[in-house]
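In the part that follows, the structures are each spelled out as structure tokens.
Each of the next two complexes has chain A plus one other chain: chain B in the first, chain C in the second.
The block that comes next holds the complex of A and B.
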């Protein structure tokens, strides 16, 4: 037993190192992660990068084009567009990361559990999740938000409702490949429970799938949350948020196009970074996410 | 084969029933019930109780659910709380307008993306592939409202070719809507195509590396013949599923784009009915979307089975 245990304890370190090496060898993944890192840094350092307040406006300075004082111009309330874009990353990243973590963690646990337990539990979960998937994501989101009110916590919950079933599908598929392995049978024979088997035997072997899933879901979550804000169901108005900014400034797009274009660029670069990271990770680790039906 | 189809159909119906139940429960959870919604906040408790009685809201939930299912099966989805019209007819009208967008979107997206995906797959790692892959990466990295906004900026503001907003109501004729359909359809097609292109590319690359394509090449067949006769039929198989999933996605995707263009379609109805808590309409839209999703998936499965004999036998042994 002890020898077995030490062997297992040793295994993850070289594995992690190898994963990191393959990751660094993928230019796509490095570029993607770098873009995301830049976004994180900008969001954290927003107060240092601009002296303007993202919420308080100066109406005498409304609807200015890009210029010396306001690099990206101002919106209809005289708020500095650049400041709002820089601070906007905080809402987008904060809510998206929280929502993605909740979705992926819940989805991974349920996915592994269904693969491991099988039988009626698997069938029932599959049926229920299929039924949730059949309801359009936007409608499910709108119903949850309408029922519980806006606010970051509700958005996180709503996104989880939409994405957990999809994560479960992918993780269950990956876990099913691991479950018949001898070491899982051995653990079962030792009399270990579902949870320890899941944590010590199954999870370490599908960690690459989960990571790729995380990067990919994150990009979808950012898109979904910004769409929700755009429709007026996400961030509440004075909050600096990219989706909301596009919605607010669209009407004045002929006067100050920069006020709409700047948040669009921020949003697009973040999602491109996440997509590149997901692509690079899946290629470097041999996780075939495209063939798994996205 | 027949029993397999039958089993899939039964499973699909089960999914449908379950999602209708989920939607019913979720809608029940929305704060404020129908009676208070109709009468307003200042209504007397007696009036609310009276309306609840006449609407049948005082009966247990499962009874109302079975009633609703029975009505829905007969095409009666109840009455809209806002317009007072029959939900079935109202939803059908908006759905018809959206179908116009959806049809053009699917036409653009599927033909365009298959073509681009195949080109990218055949010229793998050369400039056409790099160009197409980069463009599709950008396409899938921007939300629909951004694509729509950019299109308005280009083709309504800079070049005034298409209207930026629709000024007609839900009862507009096809002729009135037709000029306004192109930009929303193009916006949706760009986002949708991005996914199909990637799938088609991977699929073509896989098939071109397979042994039977090598054999066909070694037989001395022309490249054109190898691609059209041997590679494409099998390469398109996995793409089918992604297309089906995307068609189902379209129903949600239109919500955003229709609101950008003020287009009187199902997406706009969805948003306004959630805003107004028009529960019967929400329920009807959700069930119709679920039907579309289930039918698309079923069609993809059956289509895949028709094209791939191996799946048929696997279905039987299962």
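The block that comes next holds the complex of A and C.
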């Protein structure tokens, strides 16, 4: 009797290396991720990039146009606009990342669990999430913020309420394709519980979907949080925040347009970067899946 | 006569990174009108690539590196896109393996056939593929048809524009034996009626022997041997062909065949199960429901330690449902199911751990039974740790390596991912994983169906070895009678969730008493063009079981469900009326 079947000659590289190679092959993803990386670096290095304090004002320097001392000018309180934009990235990225992580993690767990358990649990969760989805996002946010007050923690919670149902939808769809596979059935036949099956068998196979979902949601979250700040429900003044800056300076837009435009540029580039990353990732990994026949 | 299809030293390669990997290597073949040429080979032999090349189609990333394909006098790879489109359908038509997937689910079949072009009315086409009541059938959706009917519709579509060449890619794989027989006979009849040149791609030597005039054996993209069918099956010249032919299980084998390098067969005597072997698992009047429909109607059987019991039947006979119920994935709605050490009527999660690990399932499709993101060693270590059969991390790793060696694989494979293994290796890992719980009942659900014939022989040997070594009670589920003949000690034939015949393998195969068993055996295709069906075809029958008088005994545990010849003869292809009276068990 033969001891060995012939192994396939070209063994695929380890998963991480392969994921990186696929990623690099997509220009969109690389550009997107690079833009996001630049934003992160700027936010982290803000104190080194500017010597101005983003919060303390200097009334004698109010409403200056772009010039040698203040590259992007100053606002009505005499604060350096560039410094506020640079520091503003910290708030935008910090709260957005926290909110996205919470939404995606909760959404992934609930999505996988509904796909795996099925039956009444799936039906009930589905209908509850439908009800939440029926409420307009900003309205839901305002309700949470009005009830619980402002502050980063509340914003994170509010964003999770809005985005978890959407993440659940997407992840549940991806997990439904994995759940009927025999290796999940094998784990069920061993009598394993929902959580171990989810963690060991289902999650590793939908990790790419979750990654893309993360990048996509992140851009929406950044926009949503900025709109909240713009409306006055997000960051409290004098926190440097892009949405807040636009709101504060829009009255003086004819005098110092740069004070409104600079945060808008920052916001726009971050959102574009995240969108490009999400697009590139989903395409690269999608094509990868088809090629591998997974 | 000039051949319609002429492949001249064709080479095809596909690109993988910077390398070019040849998949077809200088293959030449010809097919004339009215003839069937069969391309035979195991997976990876390039037979499907070759078939697609006849339609001028190459898979993404592959290219012709030499030679030519001429169909009806035209070089297909020199044609422009519009000419190629005209060629496909009008000159060459293809029938794909899985008709269920080849038909659009949201379109009535009549419209789909009409869309295929041609001037022949749809009802005529449906009539031509021997479908009853064509006008009514044309208004149905694909899901309302049986597998055999779907394949007939796919044939009608292929024939709509009256092509000269018909390419059949595994046309009956996935169909039941009786249905397969019907579709093959239809293909042969249509080929003769319409004077088609047929190119049949198949891994099934029985199908090839039945249908082909010429056979071309492929291995790794090269032609190993090419000869008229009779000659090839009677006097194969190449050792590879000999081994391939010898690996196919036969209906008259009395045990598993052991194939030597030279292609000689040696029948291994069946293991003797001692009379006093303890019963490992027994089922009594088991019923299983899916919602309001009943899949299993009161089935009883028992399996002793060291014994292989085969459940045989067509799709929908309830054999897989029984396997899943036994494995604790479904809850029976009635009857009892017991193991030496406890009650099996509860789902896996509610069985005690000690009982759970003793009944283990091996899946049909090894490709999907292993998690693609986890190493195979991990797949085996998990049940070891979970069932507590191995203590620490180091011990479970050591045990996993030993299990991999036990299924005759190199323990170094433990670090590989499933995608890096061949189909046969994956199936062995599937078996090793089932063995990790140290079971005494092994449920093998069609475990060799997806494997190549030589790999199938190895896996069957492994199962046979394991039951001897480990004294396993094995429930072997299969639709392939020849496989069952070699490995099983006893056979249970299922039809529509009801046992129609059961008994020792020898008795059932040498003297099948139930017409359904005879029908199955008559439809089985042997790898021999001159093979006579082992039994006469069965008369039409109806169930005659009544309360208290269900069985006719034929001594030595061989018994059949009562039946009587049918008065009327409702004979529609692929849709036999269900003669089993419900509820009588």
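We take it that the second predicted complex is superposed on the first by the 273 of 294 C-alpha atoms of A that agree within 3 Å, B and C clash if a C-alpha of one lies under 4 Å from a C-alpha of the other, contacts with A are read in each partner's own complex, and residues count from 1 in each chain.
Everything that follows uses one rule, which is that a residue touches a chain if its C-beta (ideal position, glycine included) is under 8 Å from a C-beta of that chain, and two chains touch if they have at least 3 such contacts.
Computed from a predicted structure; not experimentally measured.
Peer 1: Examine A:257 and indicate which partner it touches, taking first as chain B and second as chain C; both and neither are also allowed.
Peer 2: Only chain B is touched by A:257; chain C is not.
Peer 1: Looking at the overlay, what does A:223 touch: chain B (first), chain C (second), both, or neither?
Peer 2: First partner only, chain B.
Peer 1: Considering only the touch criterion stated at the top, classify A:181 as touching first (chain B), second (chain C), both, or neither.
Peer 2: second
Peer 1: For A:96, select first, second, both or neither according to whether it touches chain B, chain C, the two together, or no partner.
Peer 2: Touch partners of A:96: none, neither chain B nor chain C.
Peer 1: Would you sort A:201 into first (chain B), second (chain C), both or neither based on which partner it touches?
Peer 2: second
Peer 1: Looking only at chain A, is it chain B or chain C that touches more of its residues?
Peer 2: Looking at chain B versus chain C, the one contacting more residues of chain A is B.
Peer 1: Applying the document's definition of touch, where does A:114 land relative to chain B and chain C: first, second, both, or neither?
Peer 2: neither
Peer 1: Return the residues of chain A at which the contacts from chain B and from chain C coincide.
Peer 2: Touching chain B in the first complex and chain C in the second, residues 294 of chain A appear in both lists.
Peer 1: Can you list the chain C residues touching chain A in their complex?
Peer 2: Per the touch definition, chain C meets chain A at residues 16, 21, 258, 327-329, 348-351, 353, 356-357, 360-361, 363-365, 368-374, 379, 382-383, 386-387, 408-410, 413, 416-417, 419-422, 424-425, 433, 437, 455, 458, 461-462.
Peer 1: Considering the complex alone, what residue numbers of chain A touch chain C?
Peer 2: Against chain C, chain A makes touches at 1-8, 10-12, 15, 181-183, 185-193, 200-201, 204-205, 207, 292, 294.
Peer 1: In the complex of these two chains, what residues of chain A are touching chain B?
Peer 2: Touching chain B: residues 127-128, 130-140, 142-144, 146-147, 219, 223, 226-227, 230-231, 243, 246-247, 250, 253-254, 257, 260, 264, 267-268, 271-272, 274-276, 279, 290-291, 293-294 of chain A.
Peer 1: For a test of understanding, state which residues of chain B touch chain A in their complex under the given definition.
Peer 2: Listed in rising order, the residues are 14-16, 18-19, 21-23, 26-27, 29-31, 137-138, 140-146, 149-150, 152-153, 157, 195, 198-199, 202, 238, 241-242, 245, 248-249, 251-253, 255-256, 259-260, 267, 270-271, 274-275, 277, 282, 285-286, 289-290, 293-294.
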